[in-house]
Each structure stands twice: as C-alpha cells, then as structure tokens.
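Below are two complexes that have subunit A in common, paired first with subunit B and then with subunit C.
Now for the complex of A and B:
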C-alpha cells in the first residue's frame, strides 16, 4: 500500500526505480495470464524535484486517458495506433507529483461494457479465479491493483466502471463527486455521467491519490472549485451518529424467497452481518423503501442516456483527422468504412441505439424521458440524504461471474441489485466500493454513496467500515507467489 | 402578379482574442493550420471552454437587434458527419438562443422597413475545405472561431431590401465593435431562402436555398435572377423544385442538389458546459455598453441637428467619425461650425494621410477649442483651418499655436480704426480716388492692405464697415 511504500522510500530501504522495476516484472509476469495492460512502459521516468506523498510510487492508468507520446487506444481498433499529443489533467497531475507510470490498462472497448471482455487486445481475467471475469470497464486497472502489480491505478466510471470491477477484484474503487477530478483528457463516453476515479487497496490510499488528482481545471468547465480539504486527514474522524440507509427492495432477503441462488443469499446475509457490526461501532443504519418502478428504471435510463451521449462523443472517430483511414469513393464511404472496421459489433449496437434515441421523432419519448427519470431518481436520493449521511448497499449480488455465466438479465437481481451504482453517476454523488466478504472464495464489495461534495465524509465512513471487514490490503497476487 | 418572399440566414465571425471554446488565437491568416489546438482538432478527451467575450458580444448584438435574451447561457450539439467538423458535432444553440423575436429597421430608398429577426445564436465555425481534382485539403484555422447566426423571418420582398439589410446589419456589427464583418475574408456570409407566390396566394411558394454567398453584390444578383427564374417558371405553368442552388460568376444560379428529407441533426444539450445564469445586473451592464446605432444617429442628425442629407450621410456612416463629431459637440461647440470642420478639414486630412480618425493628432477636445474660437470670432474660419493644418503637420496643440503666433482676430473697433487710418495715410491716392471720383473699388484695396498689415488678424467684415465710414468721414471733412 502507498503509505508503506512511502515509508520504505523515505527510509531509503528501496528506491523508486526498484519499485518500478518490480512492478514492471510483475506486469510482464502476469500479462499473458490476466492481460491487464495494453502498454507496459519500458523506461523509468520520474519528474525531477517532485516531492509529494506519491513521488516514486508506481501506478497504472486506464488506456482511455490521453498521454502525450504514449499509445492510447481505448482498447478499440479505431485507435489502435493513436499516440496523443497532449496530457490528460489527471496524468499531468500525477506526473507533477512524481508518481511513476508503469503501464496503460485494458478496458472494455471505449469504456462501454461491464465485463472486461470486449477490449481489442483480448479479455481480462479475474486475479482471484482465471475462469471468472473481472468486470469493467476499468478491467485492467482493477486487475493490476488486485494482482499487486501497482498500489494504485486510475480508472473511469460512467455507470459503475470502477466500483463494479473493484467489487469483483477485491480492491477499493472510488469515484468522487462529479467535477471533483477534471475529465480533461479522458476519452468521453457519456460526458454527463463520466467520472475519473481510483483503484487502491485501502481507503486511506484512495484518499491519498484523490488528494493529489482533485481540483478545479481551466480545461474542464464542469470541474468543481477545490474544497481545500485533505481527505487523508478526514478519514479517521469520529463516525458516531452517522446515519446510513439501505434500500429494502435491494437488500431484503424476503425479495429473493423463491430464489435458489445460494451465492446471492450468502452475499446478502453477510451484508446484514456487516451492518450489525457497523451499528456496534456507532453507525445508525436504517432500511428505506423506494418505489420499485423507479429502481427498475435505473438500468434502462442509464443505457438510454449513455448511448445517446456516446454516439455523439465518439463521432470524432472517423479516420479523417487520425486513426486508420477508410476506403471509398466519397467522404461518406470513407468514414463509413473506417467506422465499420474500427468498432466491434457491441459498440456499433450502442451507437445505433444512441442515434435512434436522439432521432427527432424518438427524442421526447426516449432521451428526454430518460433525463426526467434520472432527475426523479436523483431527487429521491437527495431527499433521503437530507436525513442520512450515506447509502450503503452491496456492490454486487455475488462474486465475479464465470465467463460462460448467462444470468437472466431482467431478473430482479440483475436489474436492480447489479445496476444501482449508476445512481452515483446520475447524481454525481461520491461513491466507493470496498471488499467486505468472500462468497465461494470470491471477494464481494460493499458500496457507500454519499452527499454531493462530501467526499471527505464518504471516505471517512468507508475507512471506518474497512476496519470492520478485516480485508484491508488484500491482494490476489499473494496467491500466485 | 407574383411577389417574392425572402428570408436570410447571416453568419458573422465575432472579433475575439481566442476561439469560441479553445485558447487558439482568432486571427485571420493565409498560412493554413497554425491557429490550431487539440480542442479545434476534436482529439479524444478534449473539452470545450466557452469564451466569455464571445458570449457577451453575441448577447450584445441580440440586444441591439431588440431581441429577447435568455435567462441563462445554454449550448447544444448539432450532430452530423462532415470532414470540416472534427468533433462530429457542432456546438451551437437551439434550446436557448442568445436572442429571439427581434428586428432591425432599415431605410430602403427613403422608406423605413422593419426586418424581423427570428433568432440569433452563437456557435462555432467549421474548418475550411479546399477541393482539388482528386483530393481535398482541410484548414483548421477556422475551426472553432465564434460565429453568430442571425435568421430573419421570411419578410424581405426584394433584392434592395435584402442588400440594405445586410449593409445595415454589417453597420450594426461595426458600431457594436463585435466584428469587422469583412465579407472578402468570409467573416460575413449569407444564405438566401427565396420563394415566389401570387399576390393573392395564402400559402408560400416552394423554397429555394442558396448557401454561403459572401459578397453583397452576389446576394443581389442571386435574388434578382431567382425572382425572374421562378416567376418565369410559374407563369409558364411550371413548378419550382425545392433545392439548393448556387450563384455562378455569370450572375446566374445553378442547381446543386435537390432537397431530400431534411437532415436530422439530433440536437441535445451540450453536457460539458453547465448552464450559466445571467443576472439583471449583467444585462444592465451590457446594455450600457451598447452605443447608438447608425439609424438612431442618422435620425438624430436630421431631426435634432437639422443637418443636410449630405452631411448626415458623411457623419453617421462610420462609427469612429460619428463618435469624433459627437465628442466635439459634447464640449458644447457650435454644431454648424463643427460639421464644417469635420466634413472638410478633418476628413480630407485623414483621407490624405490614410489614417483612422482615432489616430489623428487633433483630438475632439483640440478641435472643440478651435471651433469655439472661431465661433467667438477670436479667429477667422480661414485662420482656424490654417491653424488646424499647421497643428497636424507640426503635431502641436492648435491652441498653443494661436497663443504663440498671437493670431487672435482683431475685432476691436478702435484698434481697427487706427490700423485703417495708418493705411489711408500711406495711400492718399486711393483716398483721393474715392473722394473725387467716387470709386468704391478702393474698398477692396484697403481691406487687402489692412489684412496685410494686421498679419491677417483683422476681422474683415468689421474692417470693411470701418473703412466705409472712415472714407465717408474724410470726404465730408474735405468738403467742409
């Protein structure tokens, strides 16, 4: 973890170059089996005279952040040779802080997808069980941290693209308030939902990295004025009397009476045990009920808005300015050919959906209604946040699924339990997933979502809960030594 | 009888330091692709950051055109694929344009015509394309330059009105200082929509669209040609096809493409630019920055200052000249004399020196000083102008020159009488001619001498009166 490495570096027990080389060695060692990286760096590069808590600490960056001079593919064939000419703000800040880039990590193509199986360079495997997926879209970043290759990695989160793979990978995944971290240089998927966030192996580490990369950015008009807080200083605050709620329609075992899904039952049972432990520590935790129709609308609302924005955001990928040039006799044919060859079927499906959703005759019914439902959901949660400091829910209904798992996508479990984390994107709420139990030998995460702007409170609550799980700092890499 | 119905869509690039959503310079250059940033190229991960100056200038223009302004600034995306559009969408305004439902009054052949403005919105310009035989070149210098689009209602009836509207609209831009609006640089471009219908028809005829006409003369030619063409078609029982046409160098229009179904641009609100509320104070401040426009000044000069049509034309056509003129007046100077100075000496000087009036050495304050001295008969008009030229040449405050050369006009009657008596005593022959022969031509002789001896400071009118009196006095005293 970062603080341990910091201490070793400061005591000269290890050099940052040694840490880098060790990370590099592991990166290569695990690459064939787990496929975390699109690009593994070959040169140790650190900013001279940098002096921060991250100076000399190796990390990985999702391959949808613009890195000047370093290949950035977004795991899509249409960008397979794209070398950016400018740095994303996050990357720039990490460079300034003296953190050392180890590699660019694999994602679901263009960050669209939640499985980690759709990258142009192949599937990413779960470090806890190679037969299982790690989840996505920030698959490689989650795997790289779970494997212990790097102590932290940067991801992006549009629906739950950090917090779901964090749950499946047994690591901490944190997405701060919308605007807390600049999106400049993050390849846009759905701008109103896109967040930059971090993977670490402890809540403290998540606070440390966020402290470095947050702040207002003159390149991103949606970035927030800095709150001038050091989150690391807030994580140990007293939580006595902090009020949390969980949603009955998601967590109550009675909802799943007829289910013989043992993993789901165990996940929820362990969740309830965790809540009891939290209560013992002084948290007040209550059950609230939310209209099931509203909850069932989360996933379709997410798909509708994200596909609509994605089809527009990715309209720059034509092979005209950059990327493989298509063939044809007219400009339309050339663009058509480049995009036909450059995107996988899944991506094209989303673009066609998005285009359909935005069409004049459908916009009111599909796009604008989805925006209204988004507002209803956010209003409902915001109203609850008047009374509660946060919302606590299981991040998934089990450990990571196997690759051949064909779950019933419209069952209650899939529709609500597996998709509720998009609430954090709808409202821009700070939201964190930390590992809380093992079910069938696979880690499962608990998700805590808090009031907008209150990143410090969410990290504080998560840090206290982490102490109760006994799972701080776990990594799958230990199993492979 | 047939009549034409014309609507215009005018694009005008705004004059700002940087582009609409990036920090690239907004300057005209012949060198391609140098005013370009990652944002203008639409590279993955870029975000737009709106230019406050462009927003203010667009709002100001909308206000000057009497539009209703929005309560907040919101941008939208217009989605379509074209190589001149690097992001695959253009940031523009649909939800809340900078202005709606405005108008501009214009004078067409002496008659006032109100052209209704449907809306004014702010958007970004596209890159420019140069097409060659088997390839095309893209220049991104233009990509992202702030552009306002002004859409009129279909309320224009003929080419005269259309061209006058464009000229006056350009004056609005110039008077507001929002754009240089040079059509030869493509800074101001115009789409013309035109249809023809019978006087008695209730429904509009089929619309023909002509895009991106730069020169106003071409707008005139295109409209005149289209009215003839469409009327001819209808009169001969034909039908007008809905299509896009272009104007060629021969002054005729040619079909480019028939209009298929309208393109669906799939507009939606730009998510990267949060709405910015506009306060009443903000609008109040903007309002204060809006100067009187040409027509207002024109009417003021005619109705309040009672100037001649010619002088009004000269003084109201350019904002800097009009501002100069009005500043002189603001010091309380005489209107008629000020007009005289500005329209002759000042304008001929800046024309000769090929400079802008703001670069002229003579400030309105200095000119006001001279005008006042002429008005008070301290100096003659003739002298006033001479001093002005001298001041410009030597770059000296004209009031200093007047002091130094002691050039005040001599109006004092006793002083003048002394001068005149001196001259008459020196020129007895001319006095004799008046007394004995009654020759009045000697008046001019003496005036000349007096002016000469007084270093041209004597007031000629007063001198003449005294000369006449003195000659008569001498005649009478001799006969006694």
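Now for the complex of A and C:
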C-alpha cells in the first residue's frame, strides 16, 4: 500500500525505478491472461524535484483520460490511433506529484458498459477467477489494482463504473462529490453524471490519492472550489454516534424469499452480520423504507439520461479531425462510414436508444420524466441525509458473475439491488465501495454513500468499517505468486 | 414491437448503420428496454416535478472574469491527428459543386 511504499522509498530500501520496473514486469506477466491494459509504458518517466506522498509511486490510468503524446483510445476503434495533444488535469496533477504512469487501462468501449467485455482490445478477466468478469466500465483499472500491479489506479464513474468493478475485484473504489475532481480531459460520456475517482487497496490510500487530485480547475466549470481539507487526516476520526441507514427494499431477506439463489442469500446475511459489527463499534444503523416504484425507476432513469447525454457528447467522433478516416464522396458519407466502422454493436445500440429517447415525441415522456425521477430520488436521499450521515448497502448481490451470465433484466434484483449505486451519480454524492466478504470464493463489496461535500466523513466511515472486515489490503495477485 | 425501419431511422440520424442481424437483436432488446422504461411513466404526479439536469446547484458565476490569454494549441497540434491536410487545414471532399 502507498504509505508502506513511501516509507521504503524514503529509507532508500527501494528506488522508484525499481518499483516501476516491478510493476511493468507484472503488467506484462498478467496481460495475456487478464488484459488490464491498452498501453503499457516502456519508459520510466518521473518529474524531477517532485516531492509528495506519491512521488515515485507507480499507478495506472483509465484509457479515457487524455495523455499528451500517449495513445488514448477509450477502448474504441473510432479512436484506435488517437494520440492526444493535451493532458487531462488528473494526469497533470499526478505527474506534478511525481507519481509514475505504468499504463493506460482497458474500459468498456467509451465507458458505456458495466461488464468489462466490450473493449476493442478484448475482454478483461477477473483476477480472482478467470471465468468471471470484473465489471466495468473501469475494468482494467480495477484488475490492475486487484492483481497488485499498481497500488492505485484512476477510473471514471457515470453509473457505478468504479464502485461495481471494485466490488467484483475485491478492491476499494471511490468517487468523491461531483466536481471535487476536475473532469477536464476525461472523455465525456454523460456530463451530468460523470465523476473521476480512484481504485486502491485501502481507504487510507483512497484518501491519499484524492488529496492529490482534487481541487478546482479553471478548465472545468463544474469543478468545485477546494474544501481545503486533507482527507487522510480525517480518516481516523471517532465515529461514535454516526448514523447510517440501509434500504429495506434492497437488503431485507424477505424480499427474496422465493429465490433459490444461495449466493444472494449469503451476501445479504453477511451484510447483516457486518451491520451488527458496525453497531458494536458505535455506529447507529437503522432500516428505512423507500417506495419500491421509485427504486425500480433508478435503472431506467439512469439509462435514459446517460444514453441521451452520450448521444450528443459523442457526436464529435467523426473520423475527420481525429480517428480513422471513413470512405465516401461527401463529408456526410465519410462521417457515416467512419462511425459505422468505428463503433461496436453495443455502443450503437446505446446510441440508438439515446436517439429514440430524444425524438420529439419521446422527450417529455422519457427524457424529461427521467430527469424528474432523478430529482425525486435525490430529494428522497437528501431528506434522509438530514437525519443520517450515510447510506450503507451491498454493492452487488453476489460476487462477480460468470461471462455467460444471463440474469433476468426485469427482476427486482437486477433493477434495484444491482443498480442502486447510480443514486450517487444522480445526486453527486460521495460514494465508496470496500470489500467486506467472500461468497463462493469471490469478493463482494459494501457501498457507503454520504452527503455532498462531506467526502471526509464518507472516507472516515469507510475507514472504520474497513477495520471490521479484516479485508484491508487484499489482492488477488497474491494467489498467482 | 418497434419497427426495424424506425430503428434504422434513429441510427441514420446519428450517422451510422448496422447490419440486419444487429437490428434484429436491437429490436428484441428494445422490448425489454421499453418495459423497463414503462416504470418511468408510471410514477404518480410525475409531470408536476421540476426536471433535474445537474446533481446539485453550483454557483457558476464565480467563473466570470475578464478574458486572459491562456495556453492554446498550435496549428500543428490541432492537426496532429487528422489524416488529410492541406495548407494547415483539414481536407474534406468538396462541398460546393462546380
């Protein structure tokens, strides 16, 4: 973990270049089996005279962040040869801090997907079991941390794209308050939902990295004024009396009494055990009930808003200014050809859905109603946050699914239990997933979401819960040594 | 079931196409999606709610300031990823006919 590496570097027990070379060796060693990376760096590069807690520490960056002079594909063929000419703010800040980039990680094409199986360069496999997916869209970043290639990686999160793969990969995944970290240089998917965040193997590390990359940015008008807090200093605060709630409609075993799904039952049973341990430590945890109809609307609301925004955000992918040029006798024809060849089927299906939603006859019924439901959901959670410091829920109903998973997409379990984390994107709430148990030898995460601007509180709560799980610092890479 | 022609029209409006088999898959997928979407319209009194398009209120005015010269890209950088260029411009097929 980062502080241990920092100590070794400071005591000259290891050099930064040695850490980089070790990360590089592992990156290559695991690449064929797990496919975490689009690009693995071939040269050690570090900013001279950098002096921060991250100086000399290797890391990985999702391949939808602009990196000047380094191929950035967003895992899509339409950007397969794109080499940016400017740096994303996150990358710039990490460079200035002296962190060392090891590689650019694989994502679901254009960050639109939750499986890690739709990248132009192939599927990402789960480090805990190769027959299972790692989840997405920040699949490669999650896998690179789970494998122990790097101590931290950067991801982006529009619906749960950091927090779900963190659950499936047995790592920590954190997205702060909307705007806390600049989105400049992150390829936009759905701008009103997009967040930058981190993967680490401990909550402390998540605080360390966020402390470095947060802050207002004149290039991103939605970035927030810095709160001038050092989250690392707050993670050990006393939590006695902190109040959390969980949602009955998601967590109560009675909801699933007709289910024969043993993994689901075990996941929820272990979740309840965790709540008891939290209570013993001084947390107050209560059950609240939320209208089921509203909860069932989370996923369609997410799909509606995100696909509509994506349709417009990706209109710049024409193959004219960048990307492979299409064939044709007019501008329209060459754009048509470039987009037909450049997007995969799944992306096209999402875009068509976005197009459908934005048709004049559907705008009121679908798009605007989804925006209205977004408000109802956010208002409901904000109201609960008047009384409670945070919401605690299982990040998924089991460990990572197998690749051939064909779960029922209209079931309550799918619509609510597997998709509730989009609440964090709707309202911009800080939200973190940490591993809390193993079910059928696969890790499962618990998700904690808090009030906007209270990133320090969420990290503090998560840090205390992490102590109770006994799973701090786990990595699948240990199994492969 | 939604007509394939409609789906084709939506795709063409976004300037791409798919093959027949892919439209078939999409047509089937749309059945499920439309059922999921039904939930959106079923929430009572939804039309009275003010649509939310941003996570929370942000005071954007703080970014208003006098113009200042910042970093900018050179012509070479702007054109670096373009495959066809002439006279420092991106070359595309002729738009105006002779």
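Basically, the second predicted complex is superposed on the first by the 481 of 481 C-alpha atoms of A that agree within 3 Å, B and C clash if a C-alpha of one lies under 4 Å from a C-alpha of the other, contacts with A are read in each partner's own complex, and residues count from 1 in each chain.
Convention: contacts are C-beta pairs under 8 Å (C-beta built on N, C-alpha and C of every residue); 3 or more make two chains touch, one makes a residue touch a chain.
For clarity, every value in this text was computed on a predicted model and none was experimentally measured.
**Q** Touch check for A:184: first (subunit B), second (subunit C), both, or neither?
**A** first
**Q** For A:375, is the partner it touches subunit B (first), subunit C (second), both, or none of the two (neither)?
**A** second
**Q** With both complexes overlaid on chain A, does A:279 touch subunit B (first), subunit C (second), both or neither?
**A** Neither subunit B nor subunit C is touched by A:279.
**Q** With both complexes superposed on chain A, which partner does A:427 reach: first (subunit B), second (subunit C), both or neither?
**A** second
**Q** Examine A:25 and indicate which partner it touches, taking first as subunit B and second as subunit C; both and neither are also allowed.
**A** neither
**Q** Looking at the overlay, does A:85 come into contact with subunit B only (first), subunit C only (second), both, or neither?
**A** both
**Q** A:321 in the overlay: touching subunit B, subunit C, both, or neither? Say first, second, both or neither.
**A** In the superposition, A:321 contacts both subunit B and subunit C.
**Q** So in the superposed three-chain picture, is A:308 touching just subunit B, just subunit C, both, or none of them (first/second/both/neither)?
**A** first
**Q** May I ask you to name which of subunit B and subunit C touches more residues of subunit A?
**A** C
**Q** What is the contact status of A:353 with respect to subunit B (first) and subunit C (second): first, second, both, or neither?
**A** After superposing on A, A:353 lies in contact with subunit C but is clear of subunit B.
**Q** For subunit A, which residues belong to both interfaces, subunit B and subunit C?
**A** Touching subunit B and subunit C on subunit A: residues 82, 85-86, 192, 218, 221-222, 311, 315, 318, 320-322, 331-332, 335, 355, 359.
**Q** For a test of understanding, state which residues of subunit C touch subunit A in their complex under the given definition.
**A** Residues in contact with subunit A: 7, 10-11, 13-18, 22, 25-26, 29-30, 32-33, 35-37, 39-43, 46-47, 49-56, 58, 60, 62-63, 73, 77-78, 80-84, 90, 92-93, 95.
**Q** For a test of understanding, state which residues of subunit A touch subunit B in their complex under the given definition.
**A** Residues of subunit A touching subunit B: 64-66, 72, 74, 79, 82, 84-86, 88, 183-188, 190-192, 218-222, 308-309, 311-312, 314-318, 320-322, 331-332, 335, 355, 358-360, 363, 367.
**Q** Taking the complex as given, what residues does subunit B use to touch subunit A?
**A** Going by the criterion above, the answer is residues 38, 41-50, 77, 79, 81-83, 86-89, 138, 264, 266, 268, 271-274.
**Q** Sort out for me which residues of subunit A touch subunit C in the complex.
**A** So the residues of subunit A in touch with subunit C come to 81-83, 85-86, 178-179, 192-193, 218, 221-222, 224-225, 293-294, 296-297, 299-301, 303-304, 311, 315, 318, 320-325, 328-336, 339-340, 343, 345, 348-349, 351-356, 359, 365-366, 368-376, 378, 409-410, 415, 425-428, 452.
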